[in-house]
Amino acid sequence: MKPSVKDALIAKLTALGDDELILAHRNSEWVGHGPILEEDIALANIVQDELGHATLWYGLRKELDGSDPDQLAFFRDANEYRCCELVELPKGDWAFTMLRQYLFDLYEALWLEAAQHSAYKPLAEAAQKIIREERFHLQHTRAWVERLGLGTEESNRRLQQALNFQWGYAQQLFVPIPGEELLVAEGIVPELGPIRERWLELVTRHLQNADLKLPINPGYQPTSRAYHTEHLWSILAEMQSTARWEPEAKVW
Amino acid sequence: MKPSVKDALIAKLTALGDDELILAHRNSEWVGHGPILEEDIALANIVQDELGHATLWYGLRKELDGSDPDQLAFFRDANEYRCCELVELPKGDWAFTMLRQYLFDLYEALWLEAAQHSAYKPLAEAAQKIIREERFHLQHTRAWVERLGLGTEESNRRLQQALNFQWGYAQQLFVPIPGEELLVAEGIVPELGPIRERWLELVTRHLQNADLKLPINPGYQPTSRAYHTEHLWSILAEMQSTARWEPEAKVW
Amino acid sequence: QERLAEFEARIRRGEKIEPGDWMPEEYRRQLIRMISQHAHSEVVGMLPEGAWITRAPTLKRKMILVAKVQDEAGHGQYLYHAAETLGISREAMLEALLSGKAKYSSIFNYPTLTWADIGTIGWLVDGAAIKNQTMLAQCSYGPYSRAMVRICAEETFHHKQGKEMVLLYAQGTPKQRAMAQDAINRWWWPALMMLGPHDKDSPNTEVLVRWGIKTKTNDQVRQEFINEHAPEILAAGLSIPDPELRYDEKSGNWLHGPINWDEFWQVVSGNGPMNKERLEARRRAHAEGAWVREALEAYAAKQKKAAVAV
Amino acid sequence: QERLAEFEARIRRGEKIEPGDWMPEEYRRQLIRMISQHAHSEVVGMLPEGAWITRAPTLKRKMILVAKVQDEAGHGQYLYHAAETLGISREAMLEALLSGKAKYSSIFNYPTLTWADIGTIGWLVDGAAIKNQTMLAQCSYGPYSRAMVRICAEETFHHKQGKEMVLLYAQGTPKQRAMAQDAINRWWWPALMMLGPHDKDSPNTEVLVRWGIKTKTNDQVRQEFINEHAPEILAAGLSIPDPELRYDEKSGNWLHGPINWDEFWQVVSGNGPMNKERLEARRRAHAEGAWVREALEAYAAKQKKAAVAV
């Protein structure tokens, strides 16, 4: 692999892992506080899968540059993280969480489907391994969007409000990282453009069927994963607090 | 000063400073989010005074053992903190914050009044210096308790709920620290018993005048400042995040 | 009278009582009380541990902890189902929890202050729970007994993981060791207490034993717990905060000093360190979830109507 | 017509217009727009900095930051009062802010990502604000002019503190230096933009200058800002993220490269990084404070009634 391609792949894997880790963090804030016991279970399941995916992407990075996944997760500063801003937003209410999860799950499922054919075999295998989990999440959150959209006036209003807030942020999922074109050229990762088109089509149809309106003004659309929301610093202060409390620890 | 007395005084000054620092932290979470602009100003004022008091108490400790106040604040772990649990509780709604502040301010004003006569001159001087500020806070929060208690049904309900939650915790303000009896014997700090009696009398009268009922079952009454609520770890993770991010810094 | 005799004979023969079978009202009442308390304990028990998911120190530990808390939610679910077979609804049980009428295990009214508490809860609290649950797996009521078998298997796994963590930290850096010791100091006594008052202060025990709901008394179960855990803690190089604890050659038991029952009753009657916060957290989750549950009902009703219309 | 001529003559003579005086409707309209925008900017401006009070690295810095944010609340208060003298209520102004109709300074729609942002906001953002406010202290409307004099004095203090911080970190450890540079990189362009569009794209400027509300154009104020700050930043060993920036010997000015006005208009029209979060935070504070304001009114009404009864 050419060094420039390798660097881009390392950056891409980091972004993939960071998205999963931070989203898992936000979702895990619900555990024990869900609206129904069954949803505590379902969301805990999603969190585990997301942590599994983060571990997998960081693991692929490790094969390339030897970096330790736990070091990446617990000793990197906010400005070195490459998650998108969508996953950093506070968990909000149940509508906010379910909508974010749906928008993300659909993007991820489509991306993984395409990534199964990656020319980089470890990535193709990873995608094949986790696509089934992702389809299961998607089914779950897709159903929630429908239920809340078509439930009561209140639930529709909350979901619509979440959509208005998140729509611009969600577009960042389709912004390539610097150097991603190299990876696309080598067939290592799928091109984001066609995935976005398909995503837009499916999301639009599902949201409209659930009585929701796509916002006319999408609002802020982040264009670089180098910048973050004001929340990331606090997320990491909490998330890394135990690990950094005793950096001398050899094992946890 | 006998070493045992000095140790007790160091511990007492630490507890005094920790209460102010953590309470200031909780109050500062309101800044920019208050119900009226004027209250943002008033609460910011209280926060500044509390930080000033914390600095003063840590400063007195420094005279005794040379410890650096910023090190105490930003590099001590939760289990070494000696604040009471009342100040750690999340800020809650405006009724919760104002009631806590009132209960604390009255305790502090009474304590400072008595401490003005301390046999340890630096402490007596400190008490004389800050008692006026404290009386001003007390006036402010006392008025809020009256307004919310006698305002609407809603405000009375919220204030009563805050009282039911806080009453047991507030009693910890009057639990002596280990060795405090040595300080009382030397006339360095006032005895807490009589302060508590006076506090109870004034609080009871004011709360009853504001149409509130003292809870029949006070609930949990913490008896040691060695233990804390589950919140303190997170408070410190946030509060110490910048300082600990660059422990090599010589100056901030 | 005749039915009662037959019922007690079945129990003596070791038969399981099943949902449709006749049973004395008191048997039903005691079981509902115990099973719903047990279910509530699982649900409330998610809180002290759940709060540390966001602060776990490694990806692996984070994943293990989420899985554990998820298991607890699952246990809550089985147990609510088991109680429902006795003719009480989940709503009624939740209502009793939120109003403060129903109890849950006193142990969850203590705070989790450091990461070592997560290991310690797994080792000591789940360890104590398992002793109790292994006994209840023999219980005369079929659905409860079967739920216990399943739960025990999972708890045993949590217990192993918890023990592994504490042993690791006991061998770790000085800060890790101190953290582990501090956690043992705080959880040892509450773990002993969670197994319930001494037999002489436990008025329900006799009838529970007679009807095969319990097959051992609180003190017996507690002794088993201590006999297993005390030597392991000491072997790990950690100390136990009971100066009177000693091994008794004659009986083969580890004998403990006096338990602070005053603290126990305070916690049971609502004055433990975390009673208010735990109930408040459950109430808030329930209240904030109300619109979600309403939306689900409304959606289901619309779907039904649409289905009928077709 | 005659009145207008007299009004403009007063302004030419350098007299201040006071609340009771006659003024053209457009003068009143422009002032209400400017002063209320300015007030909103102070209030919204509390948010990006206020979030760092809980994370300040020393007790002294924490205290300074609280004091600064408090000053901003105070400035908001004076400015709302100044606007009220023109016949608009604070409620109406707040309503316009919360509904998204009224604007506030675009700069507060950028996030504060590290502690160095606090110093940088003090140095660059307050620095730019001061240039504008010093000019407005000469303004023809008395209450606005006097508010500006008072505010300027306090802002100058904040500016000094901010500059001191950034200079300190520029001399600090490598991590501190990097943090300071990163903050300058992120705030430089927004600070230039906050002084408003180029004169040719600023339709209000002409009438504002004629009526003595503004005495300088946006580009003039921006040039003053750059001339002061660019050499200081460079002298601190930090770089400025404008490759075309250069000192022009002839004019004595520091000339900047092209400004990304597209970004500016995006932010102004609601699409900046933090527009949604800022408005959301203000709305939430307002909504959650509703019961408090109602209680105050109810209490005041009861007091009044009691007073009458006596």
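Each chain carries a letter (A, B, C and D) given by its place in the written order, and its residues are counted from 1.
Keep in mind that, in the parts below, a residue touches a chain if its C-beta (ideal position, glycine included) is under 8 Å from a C-beta of that chain, and two chains touch if they have at least 3 such contacts.
Here the structure is a predicted model, which is why all the values come from computation and not from measurement.
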Between A-D and B-D, more C-beta pairs in contact link B-D
Separation of the C-alpha centres, subunit B versus subunit C, in whole Å, is 36
Multi-chain touching residues of subunit B, meaning two or more other chains, are 233, 237-238, 241, 245
Touching at least 2 other chains, the residues of subunit D are 51, 55
Full set of chain pairs in contact is A-B, A-C, A-D, B-C, B-D
Touching subunit B in the complex, subunit C uses residues 48, 51, 55, 111-114, 182, 186, 270-277, 280
Subunit B partner, complex, touching residues on subunit A are 77, 233-234, 237-238, 241, 244-245
Subunit A contacts subunit D in the complex at 78-79, 165, 168, 217-222, 227-230, 232-233, 237
Within their complex, subunit B touches subunit D through residues 21, 25, 28-29, 31-38, 40-41, 44-45, 47-48, 51-52, 54-55, 58, 69-70, 73-74, 93-94, 146-148, 150-152, 154-155, 158, 238-239, 241-243, 245-246, 248-252
Per the touch rule, the subunit C residues reaching subunit A in their complex are 43, 46-47, 50-63, 66-67, 69-70, 73-74, 76-77, 80, 115, 168, 172-173, 175-176, 179, 281, 284-285, 288-296, 298-299, 302
